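Think of it as A, B and C in the order they're written, each chain with its own count starting at 1.
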Amino acid sequence: MSLVALRKVCKSFGKHKILKDINLTIEKGEVLSIIGRSGSGKSTLLRCINGLEKIDSGEIIVNGQVVTQSRNVLRKLHREVGIVFQSYNLFPHLTIEENITLGLTHGKGISLVTAKIIAHSSLQLVHMSDKANDYPARLSGGQQQRAAIARAIAMEPVLLLFDEITSALDPELKSEVVHVLEDLAVQNRTMILVTHEMAFARRSGTQLVFMHDGRIWEKGHPEDLFQSPKTEELKLFLSSVMI
Amino acid sequence: MRTFGISEFGFLIAGFRWTVLLSLIAFSGGIFLGFLIALARISHFKILRYISMSYIQIFQGTPLLIQLFIAYYGFSVLLNLKIDAWTAVSLAFTFYAAAYLGEIWRGAIQSIPYQQWETSQCLSLSYYSQLRFVILPQAFRIAIPPTVGFLVQLIKGTSVASIIGFVELTRAGQLMTNVTFQPMTIFPIVAILYFIICFPLSRYGKKLERGFDVTRGITQGM
Amino acid sequence: MNYVFQFGTVLDHAPLLLYGAWSTIWMTAFGTVGGLFIAIFCVFLGATGSKSVRLLVESYVEIIRNTPFLVQLFVLYFSLPALGIRLNADQAAVIGLSVSFGGYATEILRSGIEAVSRGQIEAGRSLGLHRIMIFRHIVMPQAIKIIYPALSSQITILLLGSSVVSAISATELTAISNSLQSQTFRSFEFYFVAAGMYLIMSALLKLFLNTFYWLYFIRGRNN
């Protein structure tokens, strides 16, 4: 059974249809990249998967559980699905370590001692062990984003979502974050990324989805889509983002 | 007829003590009650929101003096009890403070970006945990400058208690003018005493306020 | 509780209460206008005057903001006679309200003017306008729009604060409620109704000020 399945998912904001009949499956261990122009619905799709947005019709199933807006369902879902945002959203009044242990102690009910151990191993994975006692304000954008990634993976989720996590970073800071993503991909984690990092999508991705105007326009293996795009829209998009 | 001397000044200071004490009682009571009102104001339950909104509108839309009259004269006639001045005054000022502090808290909580709520929700935190560990600590820092500003408003407001005969600084001043017939000296001294405590607090509040929007915090109670 | 409410008594005295409310409204209006004149004058002095003039204005503002209105009133009513200035209660009340409002309004106006970005002033200068023109046509309209909410709040505070003038027996709603309740012993009813009347007055004031804002700034600008 697929880890994530979307069937006939539709969503509108008022009169505007953001998602139109989305059908998609993601298997365990896959690295899915979602690309497309802004306004194509990519972020909304991602946010529907972990219940941050409510779908109007259709069905989303994550790890055997149908995604609804019930509080119990969502709390359980959030323990299994981690998300990293474009604007990092670290808690400014807590140290990096506290940022990570908070979800473990009060979201998953783990003891503080164990939580700290987990936090430190997550920070190691993102190469930021020395920053555990710093406050977010002292870190660069790239470091903050890596800390946010550590916070998400510390929860030991079965699925990781990334919403354009390099878009807000200065060019020279993007690579440190992309390196972390590559490490995670190699570790066989299931990842869904809305991204503009085409090189990463091509190298480390196992599936690529191109969205246009609220629909999945093309999907398949990244190499296939990059080398031989079938539709005009994808051709146009690729030519505008590739150097 | 006495002239204004050390013992008369001492009487003013005694009144000043009660001003400070009343302010502290109302301030601490108001912080506690105001916190509850703020939580009710942002609650998911409509009825809690409406009750707290009405409370705030009533206590911010009627004069403090009338609130005091109702507490002291109104309720004593209603309940056929002689209500002690301290009780009436403490309760009235506490409820008054709670309305303003509640609004301040509400504003502070609502100024926290929605992403903080969203992110903590995505870490599987309960509403209570989100408030306690993520939102309120940040809101607290934001609430401090306007809270200090309100404290000044509260201290000035206690002068109104003199009208029902409660002996705080202003009433002490009135009583002293009655025996010394020197209003020219006494009331300005009373004003100076209020100034001595309010001005440093105002400056401190303004210092804390720096970095925030310019038009915030410049309306002030009389 | 063995109390029997007798709001009928209040109704019997309705005309007097309404007269009190009317007086309150007038006092608020005079206080606002008087205070605004003082404020505009002070802001002008502060902007154009010497350092000592500016200090004087700042002192005025800080004294008003850091002393209770009641004490300011007492100084006007009880302390001034020693200097030969004798005001009656209503005069002292209106002057007191104006002076008090003037202090707060000065600070509000000043910060509004400061908030209009320097860039605007530079732009005006580059268009060849001299200082007064820049002030009148560029700075003032924007400053007014910025401070309008704060100023409206302060006027509402003035309306409610006017109840304090009852302490020197000036004529307004609270003073009238006081005398009525002492005559009839219906303290709860009279003060309760007075509170309600203040609530209505402050709500109407807010409505009036908001409508004015909308009409002048939002609709008026689109013409």
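The criterion applied here is as follows: contacts are C-beta pairs under 8 Å (C-beta built on N, C-alpha and C of every residue); 3 or more make two chains touch, one makes a residue touch a chain.
Quick caveat, the model's predicted, so the values are computed rather than measured.
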Listed by label, which chains are in contact with chain A and with chain C? B
If you average the C-alpha positions per chain, which one ends up nearest the average over all of them? B
Is the C-beta contact count larger for A-B or for B-C? B-C
Taking each chain's centre as its mean C-alpha position, how far apart are chain A and chain C in Å? 55
Cα centroid separation between chain A and chain B, in whole Å? 47
Go ahead and note the Å separation of the Cα centroids belonging to chain B and chain C. 20
Mind listing the chain C positions that touch chain B in their complex? 1-3, 62-63, 65-72, 74-75, 78-79, 81-83, 100, 104, 107-108, 111-112, 114-115, 146-147, 149-150, 153-154, 157-158, 160-164, 166-167, 174, 177-178, 181, 185-188, 191-192, 194-195, 198-199, 202-203
What residues on chain B touch chain C, complex-wise? 57-58, 61-67, 69-70, 73-80, 152, 156-160, 162-163, 170, 173-174, 177, 183-184, 187-188, 190-191, 194-195, 198-199, 202, 214-215, 218-222
Chain A residues touching chain B - in the complex, by the definition given at the top: 50, 52, 74-76, 78-79, 81-83, 85, 87, 89, 91-93, 102-103, 106-108, 151, 155
Of all residues in chain B, which touch chain A in the complex? 115-116, 118-126, 129, 133-134, 137-138, 141
